[in-house]
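These are the structures, in structure tokens.
Next, two complexes with chain A in common: one pairs it with chain B, the other with chain C.
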Partner chain A sequence: MMKVKDIIDDLGLTVFSGKSGLERELTGGYVCDLLSDVMGNAQTGQTWITLQTHRNVMAIASLKDLAAIILVKDNKPEEDTLKQSEEEGIPILGTAEDTFTIAGKLFNLLKNQQ
Partner chain B sequence: MKTYRADLHIHTVLSPCGDLDMSPGKIIKKAKQQNLDIIGITDHNSTKHCSVTQRLGKKNRILVMMGAEVTTREEVHCLAFFEDIEKLSQFQEFIDVHLPSIKNKVDYFGHQVVVDENERILEEEERLLLTALDVGIDEIERKVHDLGGIFIPAHINRPKYSLMSQLGIVPPGLKAEAMEISKHIGVSEFLKKHQEFKDFGFGLIRSSDAHYLEHIGEVFTGFEMNSASFAEIRLALAGREGRKTIAV
Partner chain C sequence: MHFEHEIEGGNFSQAGFASSEIKKVLKQLNINIKVIKRVVVALYEAEVNIVAHAYHGKMEVDVDTDKIFMRLTDKGPGIENIEKAMEEGYSTASTEVREMGFGAGMGLSNIKKNTDELYITSKVDKGTTVEMTAYLNRE
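What follows is the complex of A and B.
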């Protein structure tokens, strides 16, 4: 099983916060910017790729027990989002790439691990 | 105390999706027919029809709450109201800074025109109003409150462009004078579905979100208060000093 820390170098991700959660196991990915949809459909252990930076992102990641969050297109987490990520130990990662590109790369990475 | 009928969410012809008949003059006439005492003028990301509508409202003994329906970065629609023209124009400046410069495509989205009381076109808004500001909901809420305004997330239970669709849950600590629920659901039905709102501390209002004349006043909220004014409305939304709102 891959861990969050295993994708950081391969995907060239920035770690914004939640370092204590880098050992979390990663089962797959989920891509959506509608938080209501993520709340309904994301599965435990997935990495969530989004452009949303509001603190509710962390509320939902915690509720669904997601492995990590990847913010796309150089989006930075808001201050209280960062704080909550630290508290929850769910890492927020970042990339300059867009959702399509980073999701494709993560998909391949996970596929090759199987 | 008297109960005033208020429909606080009405679009004008300035909103691209607003019908061409939604001129300030016709809106006031229709509001009068519908026995409304208070209306809110809330175009998408623009306040430019508020002052003319307020002037016409005064002549017809209708209080016009001046504001806008802003779209946050998260694509949450929120109503914002301001007490006077000066505060309103400061908020318009904030919108102008934060609204991305995307040209409206009239054929696709519709006309965005500012008219006077005689329905003469004064200005055509070139920038597409139907898009999101580049600032998040928390910053917009702070701006509205810095200007002494009233902040009300719109149609929060709608499956799109709402607090609940875009942000999943009501952000803990969000400061809002009230929440608007959509016209398609009654308050008791809403509270049955969303128990978490029962003791939430937010007043609930319902409004028409009218884009066509015939929808104005179709749904409204009762305000029990001493007079129709911005300050009294604030008290009623907070349920203070014996004032209250009655939404069914």
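What follows is the complex of A and C.
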């Protein structure tokens, strides 16, 4: 089983916060910027790729037991989002790439692990 | 067992806090994880509805041996047409709320999918009550 820390180097991700959660197991990914869609459909252990940076993404990641969040296009988490990420131990990662590109790379990485 | 949390309308930085507290309690009570996952989705959506639309609200959760009963009441604008509000994609959320990724018109259908019973009553300009039941032994 892959862990969050295993994708950081391969995808060239920045770790903004939640380092204590880098050992969390990664089961897959989910892509959406509509919060209710993520709430209704994301699964435990997935990494959520989004451009939303406010605290509610952490609330959802925590309630859904997601493995990590990847913020796209150089978006930075807001201060209270960072704080909650630290508290919950759910990492927030970042990339300069857009959603399509990073999702494709993560998909291939996970596929090659199987 | 009875649990209660106040919910402040308009305060998005606290949205999800009450649901999170209930999730912790349900885990401590060793409730079936599948049931917890469903209940959490329903509670969060109902909580966010209060934050996004109402002035003030309350989340009450009763955990029984065979079911979890949840009631969310608010003082707020109420829902003019509940049937319409239940339609997927229909939303009265503000542009600001939509830009945050809320207001996609999926909240109530998420609640319906994740509960066994759902009753909504509402009075325009007074408020809304959402009652939801999840049975523990139907998995």
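Rule of thumb we're sticking to: the second predicted complex is superposed on the first by the 114 of 114 C-alpha atoms of A that agree within 3 Å, B and C clash if a C-alpha of one lies under 4 Å from a C-alpha of the other, contacts with A are read in each partner's own complex, and residues count from 1 in each chain.
The working rule: a contact is a pair of C-beta atoms (placed from the backbone, for glycine too) under 8 Å apart; a residue touches a chain by one contact, two chains touch by 3 or more.
If you're wondering where the values come from, they're calculated on a predicted model, not measured in any experiment.
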Partner chain in contact with A:H54 - chain B first, chain C second, else both or neither: both
Which superposed partner A:S62 touches (first chain B, second chain C, both, neither): second
Chain B or chain C, by number of chain A residues touched: C
Partner chain in contact with A:S36 - chain B first, chain C second, else both or neither: both
Set intersection of chain A contacts, chain C complex versus chain B complex: 34-36, 39, 52, 54-56, 59-60
Residues of chain C defined as touching chain A within the complex: 12-13, 15-17, 19-20, 23, 37, 40-41, 44-45, 48, 100-102, 104, 106-107, 109-110, 113-114
Complex contacts: residues of chain B adjacent to chain A: 74, 136-138, 159, 164-169, 171-172
For the chain A and chain B complex, residues of the former touching the latter: 34-36, 38-39, 52-56, 59-60, 78
Interface residues, chain A side, partner chain C - complex: 33-37, 39-40, 44, 50, 52, 54-56, 59-60, 62-64, 80
